[in-house]
Every structure is written in C-alpha cells, then in structure tokens.
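The letters A, B, C and D name the chains in turn, as written, and every chain counts its residues from 1.
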Amino acid sequence: MVAARLIAAHPHGELIFATSDKWRNEPLEVRLGPTMPASLRFIANAEALTVDGPLDAVLLATPVEVSFALAAAFRERGVAVIDLSGAFRLKDAAAYPRWYRVEHPYPQLLAEAHYGLPELTGPAPRGALVANPGCYPTASLLALAPLVRAGLVEREGIVIDAKSGVTGAGRRGEEAYAFVELDADLRAYRALEHQHTPEIAQALAVPSLTFQPHLLPISRGLYATAYGRPKHGATAAVVAECLRAFYARAAFVDVVPVEEVRLREVVGTNRARVAATADKDVVIAVGAIDNLVKGAAGQAVQNLNLMFGLPEAAGLDALLPQFP
Amino acid sequence: MVAARLIAAHPHGELIFATSDKWRNEPLEVRLGPTMPASLRFIANAEALTVDGPLDAVLLATPVEVSFALAAAFRERGVAVIDLSGAFRLKDAAAYPRWYRVEHPYPQLLAEAHYGLPELTGPAPRGALVANPGCYPTASLLALAPLVRAGLVEREGIVIDAKSGVTGAGRRGEEAYAFVELDADLRAYRALEHQHTPEIAQALAVPSLTFQPHLLPISRGLYATAYGRPKHGATAAVVAECLRAFYARAAFVDVVPVEEVRLREVVGTNRARVAATADKDVVIAVGAIDNLVKGAAGQAVQNLNLMFGLPEAAGLDALLPQFP
Amino acid sequence: MVAARLIAAHPHGELIFATSDKWRNEPLEVRLGPTMPASLRFIANAEALTVDGPLDAVLLATPVEVSFALAAAFRERGVAVIDLSGAFRLKDAAAYPRWYRVEHPYPQLLAEAHYGLPELTGPAPRGALVANPGCYPTASLLALAPLVRAGLVEREGIVIDAKSGVTGAGRRGEEAYAFVELDADLRAYRALEHQHTPEIAQALAVPSLTFQPHLLPISRGLYATAYGRPKHGATAAVVAECLRAFYARAAFVDVVPVEEVRLREVVGTNRARVAATADKDVVIAVGAIDNLVKGAAGQAVQNLNLMFGLPEAAGLDALLPQFP
Amino acid sequence: MVAARLIAAHPHGELIFATSDKWRNEPLEVRLGPTMPASLRFIANAEALTVDGPLDAVLLATPVEVSFALAAAFRERGVAVIDLSGAFRLKDAAAYPRWYRVEHPYPQLLAEAHYGLPELTGPAPRGALVANPGCYPTASLLALAPLVRAGLVEREGIVIDAKSGVTGAGRRGEEAYAFVELDADLRAYRALEHQHTPEIAQALAVPSLTFQPHLLPISRGLYATAYGRPKHGATAAVVAECLRAFYARAAFVDVVPVEEVRLREVVGTNRARVAATADKDVVIAVGAIDNLVKGAAGQAVQNLNLMFGLPEAAGLDALLPQFP
C-alpha cells in the first residue's frame, strides 16, 4: 500500500486504480491516509482486468498465484508489469515447487522477466515484466554483490544473517503477529527454508549460500549482515573502497563506515546504506534499507522511472528521513 | 495466565488445575514457561467443575458469562472464588445490561461479593466470593480514594485519564491488536462507555465521573491521572501527606513525588506507586501499576493471602522490578 | 533539524544556512541525511548574523534567550522571523519570569508577534515576527478552541491531559533521556508548572486551566485529551459537528471519530486529527499531531507559505504517513 | 544492580553492602526498588575494602581496572570473588592490551580463575576466583559448545552473529545511547574488535572465529546465531539431539525448535533457550538469554550456589517469565 501512496504522490504519475479484496469499495484515503485521491475506492483484485482506459504500467503486490494470472493477462495487453511478489524472480521454474510450494504456470515469462535491482541490473526495457526484488535480497545484494563480482569473496560458504521489522513478515490478523507476541521479542524464523535464499544465490551467481532471517520488534527496516571468506587480498580498506567505487554514482546508495549503517538513517526513504570490512578470516558486508520502500514499493517506482526515462529519483526524493 | 504462574510459585499454594479452551490438553509449561509444573495440562473451562479433590479456592479469569456460571457452581460447593472479570464488581444488577451488555443472572451474589482492593476494602472473609478489581479501577482508586474519603476533592466533576499497555485491552488474534497496528501508536478508546466507569464511581461513592482510557504501545503497565476540584484547603502538601498517612503501613503501595510514579518502577511487581499534588484549581492524583499483577493476578493472590491468614506478600515479594 | 530538511526540500525555498553550536563545521548531510545540500555546513548560532546576501526569513529553533537576541537583530534588518521557541508566544511580559525563568528583554516585540496557528489565527503579514506555537498547544488548541469559541465548553475547569513522544521533551545527552530509562516507561512530568499552560490559556482566552503532560516511550507523536464542562446543549453530535464545520476547508486538519485520532495517522506528516464527544457531564476533545512537524517545523513552513502567498501545503504535501 | 536485587532476595544469602560511586550514600531502595533492604545505602567502590565483618563472597560488577584491584585484595583475605567484568576471563595475559587496552597486573590470578559457565565448566571450588562469563559468550557457548565438543562443527570458520538489548551495551549518560538515538534502530558495532571474541574462541578451543554484535532497540535480551561448517554427518536431527542430550539434566537450559528460541521466553529469568539445525552447507545454532540475568547477575548467583553447595536454582527459580 506504500506503492499506492508513492504513485499517488508521483510528479509524473497518476494512480488509476488500486485493488484490495479485503478493503473493496472503501475509499483509499480512509485506509492509506489523506494524501490519496479522494475519489478513488479499492476494487477487488479480480476487477483489475476490467479497468478501462490506457494504462502504462501495473504494480502487483499480490500473492504469487494472483501475480501469475494478472501478470500474464496484463502482458498480453502490452502493459508493463512490476511484480513485487516472488512470482517471476527465479529463472529456474523447477525451483518454484520447493521454495514457493507451487508449480510455475508460465515458465516462458521467467525467461523474459527483468530482475529489477537497478544498481546491479540497470534499467528494464520499456514495457518489460520486472521482477521487483525481495526485501532481504535487496539489502543483501547491495552490500555483497559488488564484492563477489570483484572476486574479493569466495563463492562458497557465504552466510547472510538478516533482521527485519514486522512489516516484512507479519500478517495482521494472525495471533503470531499480535503486539503482545512480538513486543521486545526477537527470534529466527524459517531456518534453511526461506524463499529468498535461491533468489540471492541466483543474483550472486553462487552455487549455494546460507540465509537466516530474524524478526525484529519494530515495524519497518531491514538489516543484512553478510559473511564471506576473503579472496585475492581482500583487506578492510580494499573491500570498503570496492563498495565506494561501485556506488560512486548511485542515486540511492550511501557507502559509510559499518557503525553508520543504521536503520534510522534509511527508514522512510528509498535509500540504502552499505559498508564492508575484513580481516584475514572474513569479509563482513552490511546493508540497511526500509523494507517497504527500497525493499519493495520504492524500488518498484525506481524501476518505473528508469523504464520510462524519467529521473531515477522522481517521486522518491521527497521521502525524508524520519529520525529526529 | 500470570495467575497460574503466581500460584504455581506460591510458597503456600498448590496449583491443582488450569483451564483454557484454546490450549486444552497442552502442557502448561509449553504456554507459560518452565516454571510451571511439568505434569499439568490445560483442561477446558467446562471441565473445571469435574476436577476431583479438595480445593480451597478458584481464580476465575474468564469472560463475564463464564464467571457467572463457574462462580455460582463453586460457591455451592463452598469453594472460595476470586473472580477477575467484572461479573461481580457492581452492586447494582441493573447496571449490567448497559455496561456489560448482559442481564445479571445472580443478583444475590452481587450482594454477597466482597470488592477486593485490600488497601481500601480490607481482607475478605474466608470462603468469600471476591470481586477482584479491574486494572483501571485499581490504579485510579489507589491514587484518588484516600483524597475523596478525606474530603479533599469534590465528589462531582472528577476526571480520570488512564493509559494502559496492550495486555490490558488486546486480544491476540484480532487485526486491531497486531504489532504493525499498535507499534508507536496511541489512541483513546471506548470514550464515555468503558465498563470500569461505574466500578470506579461506586468505589468512590460519587454520583458520576468521567473515565477515559488510552492504549499505549507497550505490553504491560497502567497509569492513571485523576483530576478533581480541590476542597477544604487541599494544597499540594496536604494531598501528598494524606496519601502518605493513608499508605503508611501498606505492603504494596509507595507514595512518592509525581515524577517518580513511573511504569518501570512497578511493572513485573505487585506494587503500586501513587502521588498527588494540587493548586487552587485542581487536585491531581496519579497511580501506576502492572495491569497484569497488581491490576489482576497479583491482587488476586494478595486477596487469597489475606483471606487465608497468610502473610500479605506471600508469593508476591519475590517479584522483582525489571528495570535495569 | 526537521525544519532544515523541510526548507531544503521545499519547492519554493532555498536553504541558505543552518546553525548548530554542537555540530559547527560539520556537513548538514552527515547529521540530517542525504537529502540535504551537499555543500552546506553548520555554522555557530552566533554566526547567523554575519551571513551575507538576501534573506527572506529565518526560522529560529533556539533556546529562548538565543531567540530573544536573534529575533531582535533580524527584525531590525527587516527579515521575517518564525520563532519556534516560547520567546514570543505570551503577550504578557510579566509571565516570563514565572514560566520561563527569565525577564523578557523585548516586551514590545511581544505586542508585535503574530501567534502562528494558521487554522485559528490565519496568515501572518509578510515580514512579521511569528511566534510558532508549542507542540502541546497546537494539538490542544486544534481540538478544543473551536468548541470554546462556539460556547460549547465552560471557560472554567478545563483540563488537558497530554502525552508526548521523547523528541518533545528529551535532550540527548542526559541520563534521564537514555534508552534504558525511558523504554516501556510512562510518567507525568512538570505537574502544574509546564510553560505551555499559559500559552494555551491565552489562546483560549480562559482565565486558567489545568495542563498535565506525560512522556511516552516513543520518539515522535503528541496526543492531547481535553476535558471541559458542557454548555448550551453540547451533545456528542453537536460538538462533533462543530469541529467538522470549523475545519471544513482546513488543509491539514481531519475531523474523525475519537478512536481514529491516532498517532500513527499523523506522524511523519503536517496533519492533525481531532475529534470531540460529550455527555451530560463532560465534553472530551482529542487531538493528535507529529510534535516535530505540525507541532514545530511543519507548522513553521505552513506559516511561511501563508506569509509569502504560496500554496499553504507547499513543501508539506509530500510528507507521507509512515504507517504500513 | 540486578545482582544486588538477586542477593537481597536470595533465601540463603544476605546482602552486606553495595557500592556505587555515582549513587554513594543513596538508599539502595531508592535506586533499585522497594525489594531492597531499607537500611542499606550505597558506599563508594573504594570503601568496599573497609567493610567489617565476615564476608563469604563478593560480586564485582565493576570496570576491569577496578576489578583487578578489588579481586586481588579480597583474594588475599580469602573471600570468594565472582567477577562480572572481563578482568579474569582470558587465560592469556598478553591478550589484554589488544582486547581490553590494558596491561594485566595479575597474570597469576588468570591462571587461578575459574571460568564460570556452569553448564560447560561445572561448579567452582569454594572460595575460588570466578570469571563470570560475558553475556555474548554465555548465549553463544550454550548454543555452540556442545556441537563443537561433539565434533559436529569444524573448528575453523565459525561465525557468530549476535544481537543484544541496550543494557548490554549502553551507558546512560552518553548521547549515543539516548532514547531518540536508539528507538526503532539497529546497527552492528565494534566490527572485528569486540572483546568477547577471544573469550568465545578460548572456551570453544578454536584458533579463531568471527563474532559480530548488533544493538537492538529493546532494553533486555540477547540472541546469538552461530554458523559453522558441518562435520561427521552433522544433520539437523543429529545436532538437535546433541543439544538435547547435553542439556538433559541442566537446570536452566531448554532445548527447543529454532523458532521457539525467543527473547520473550527468557527475559526476566535465568534460563537459556538453545536450538540447532543443519543442512549440507551449514550448522546453525541459536541461543537466547536475558543479558542481565543468565548473561550476568543470575549466572553469578548460580555460580555462588554451586560453590557453596546450595541448590543450583536457589534465589533464581522465583524469577518468572514476563511475557503475558
């Protein structure tokens, strides 16, 4: 729903419709706040395909199965699709039963799909199907991929220990995500079976890796700590410089010392902070993002901007940090 | 469920059974932690009456309708009942339809019931039906009742603005009590219609009052700020001294300056902190408790101790403050 | 420092300088985030008067004594001043020793100053000295002033119970504001002596009132609950309608049911939510704002916009709600 | 100061004195709550050695340099010393300059000191100098040491990613630990240079390891996630069974599934929860404790109990979990 807010406030965008089976017929501004167009009401997911008039792009923040169907249908109409689910992120259709517990119905769309992490994969072609990266992969890859690409980290034995606010994991109506369950708590979850594991490995082009997420007692923010074995003289200075050089012209990524990679600096914005250090035993790379913005809706808008030749930060540079 | 923990750890108590329709047949220690007796499993509420063997007392932390039935049945057997619901708190059966949306089926038990706020109402007779006070009334009355009794506050126009952690209000499985709904939020709720309003008015013996609760983004702790019109020379010094004298020998109430009435000092314990001040326009009295301990289960144990002639703090003085 | 972010991001504004004795010579973007102009560094407060070039307005978020001096100096140069301290809020210079513990050196500036709560006091004249309201007065007055003006609340006996996040009260380097002191805590503070008391009374034109602030364990957000005695048939419907009519064309104030006045809906934005209800004993009016935005820097920008004939929401309508 | 509370409440203990340079002469109950003996006041650290009368043991929760001096002096008197600092944890005096930035003045005491993690190192002899483990080592070692000892994890390449509440890291009066700095934030700190690194490596008897701590926006609780390379057929079932067997008779350690290792289950108690799982690439072991109890003062009391032949849980089994 952050996506709807961002599109509604985008200087070059217009929000035509928004869907929600749960909130069907309710005014958007009641659910999303007074910055939403007063005239719009949610329609059901199934009604999306009945919307008249010209559409440049749709953003899908729907369950995998819904994304399969809507993406295929909008593709046939020539509408660009930015899909925020995992439906089109893995190249290997055979991985879907294991990681998403579903057979992939459109393997040919997997081949077409552009994995949209702009700092690493560049702009998508106009009209493309964009697989918008997961929140954990975004933070992990921004921190680690430049080092792996530069050959400073062994491709085997990578460990990513990630920590996410509740909006990255929780569904509202379940007891497990109640305030009194999560307040002041922390735990690991989905050990060795989180679906972002193959997505990160694919983007790093490594044969396997260990990814372990944890649930933080905060609403927003995602922090990834990656550990790898150093290679080719990867010292603290070399790995830090590698990141600085890689992101020298990046609009949204700040390379800073490890202790300045903090959730407070990025939450509320589309920015990422990354850092790396090393000694003889290990390379440590850390990344922090707002899981709902750079980890989801903000990155979707960034992908849209690049696809349509707009300034990369359009509709995103007005997102101010929230720390006092 | 804090009650079960306290009874299990009580030096003079033995936990015979615990009921939960939701957790039926699950071991208590799985749900309540390893301090629970390993051999006990939850039974259904309806099974409570089938438990064999001698029982001195039952604690009911059940919905009003369940408390009606169980209290009546255990009373017939001569078992003392400490009821933590509102089922027996109001003397006037006619008030139940308005405040609890239910006809009271046992008005005669209302007459018998002892309102169990020991600092104000003393020990209950052995074997009594005790109406254990609500969390808001406990904090409000501990702060305000001595001043009203002493004639330092007008009986008309009292306002109580109260703030409670989520355990005082929230049910786990509802979306409204999800972490992402409540984190960093605050709101007023049940304006002018909270069922603790007549309970406080009855205990203060005032014709009416204003009670407004608010929901805090924390798990435990309850803070009440009461405002009244000063009477009979109620100065800051006089009202503070009134509280000090009233609680001079109280086991669980500390009279301190206003700024030292803090949730952190009482959460985790059966203690209350209260303070009062005044100027020519107003008397302000504040009280803080742990809503789950002094505001519920701890007070129930305190009532039990007094009823059975045990030391008032038995099973309660090992509850240490949690602040660092 | 939120003010500096808002001015830097303002479509019609340009940030010329920012002062901080503590952070002197540090780049703004290091302290305030990457949305700040890369070329600017903090200068000392005392250097403000040495800045060359044309200035339309200065915003002062300085201690009262610093505001006295800087406001007087900039006034002499004909520069508009929006002062966020209490230095120019009270009309009565004689009140300063009691509430601010200082003699007011410029009583004539008190007479000139425009109290800048736009919904109640309208736009300031171009070039004016604007006393930007306090955070507590903003929330309290938005909720209560329309009802008092409409004669629906007695002018005597008003009680305001307010709750603020730590940014409204805390200084970073003091032990009393450490994380481990405030986490999960709540307390009342400055009972009967908070300096916002006379500011609210003056704006309501009432002879006296009771104002009691409390400190919440959250960073941002301020909630005020006001209680008054009903007058002239003030029913629940009448008081709610009074607010709705008063704010029918307000850019930043939403009138909603009491339970929908929530911090989460306003934090991160310049918006306020207000509600009112009543019974025969009491009128309750509630208001919620972000203390750093509508309660401080955002309102300052709103005052600037109105003073210079810009759209009231310029630079403020891109502030999106942060709740998920 | 949790230690003082625990000793004061201990059924077989008596608190003779407590020191604090900051709170010198203040009553203990003012600072630590009403469970403290009313007659005791803090004395200065330097006055500890002047206390008359028989002492069985002293607990030192003092900076390393103060512990050096006090431990040596009390040892000369034959008083048992439980030191909660790092002053006596490393066997190699030569490691102190690097990790603690100090020359160790008493290398012979390092040889004598008993590292007091009872589940791994057993009871200390009566009258011993006990080096009470650090909070991070306690959680890390409880999870990982049985697996390393059993040869299920390679001794090279171990990575420990740990997360701690603020009481584990923060000093109250520093700006970096202010509420508004830490609320809703998370960051890594002391990358590759935390002093608990050699302590964990020494206890595991491994040549080196990677230890990376992170600061959580909560007050209490510590969670460690350890990653190692599997050895000798370490499957998920094997590693879990290894922990279960190791802790079958442990008084304070519960072996549970990974998702049930949660801070909420241990905070407020002296208990630890641990779990392990594995696949072909990795062994993951997790541990959770209350950093102030099992990670510090509670473990000190456990060490005292064992040293003096008291029940291991004396004074600790009344610490109830705080989750609702």
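The definition used in the following text is that a contact is a pair of C-beta atoms (placed from the backbone, for glycine too) under 8 Å apart; a residue touches a chain by one contact, two chains touch by 3 or more.
Only a predicted model underlies this, so the values are computations on that prediction, with no experimental measurement involved.
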Contact-richer chain pair (by C-beta pairs counted) among A-D and A-C: A-D
Rounded Å distance, subunit A centre to subunit C centre (Cα mean): 36
Subunit A, residues touching no fewer than two other chains: 167, 180-181, 184, 217-220, 323-324
Graph class of chain-chain contacts, one of line, ring, star, complete, other: complete
Subunit B to subunit A touching residues, read off their complex: 166-167, 170, 172-175, 177-184, 217-219
List of subunit C residues in touch with subunit A within their complex: 1-2, 5-6, 9, 32-35, 167, 184, 219-220, 254, 265, 268-269, 271, 292, 317-324
Touching residues on subunit D, where the partner in the complex is subunit A: 157, 159, 161, 163, 180-181, 184-189, 191-192, 208-210, 212, 214, 216-221, 223, 225, 227, 229, 236, 258-264, 267, 277, 279, 281-282, 284, 286, 288, 323-324
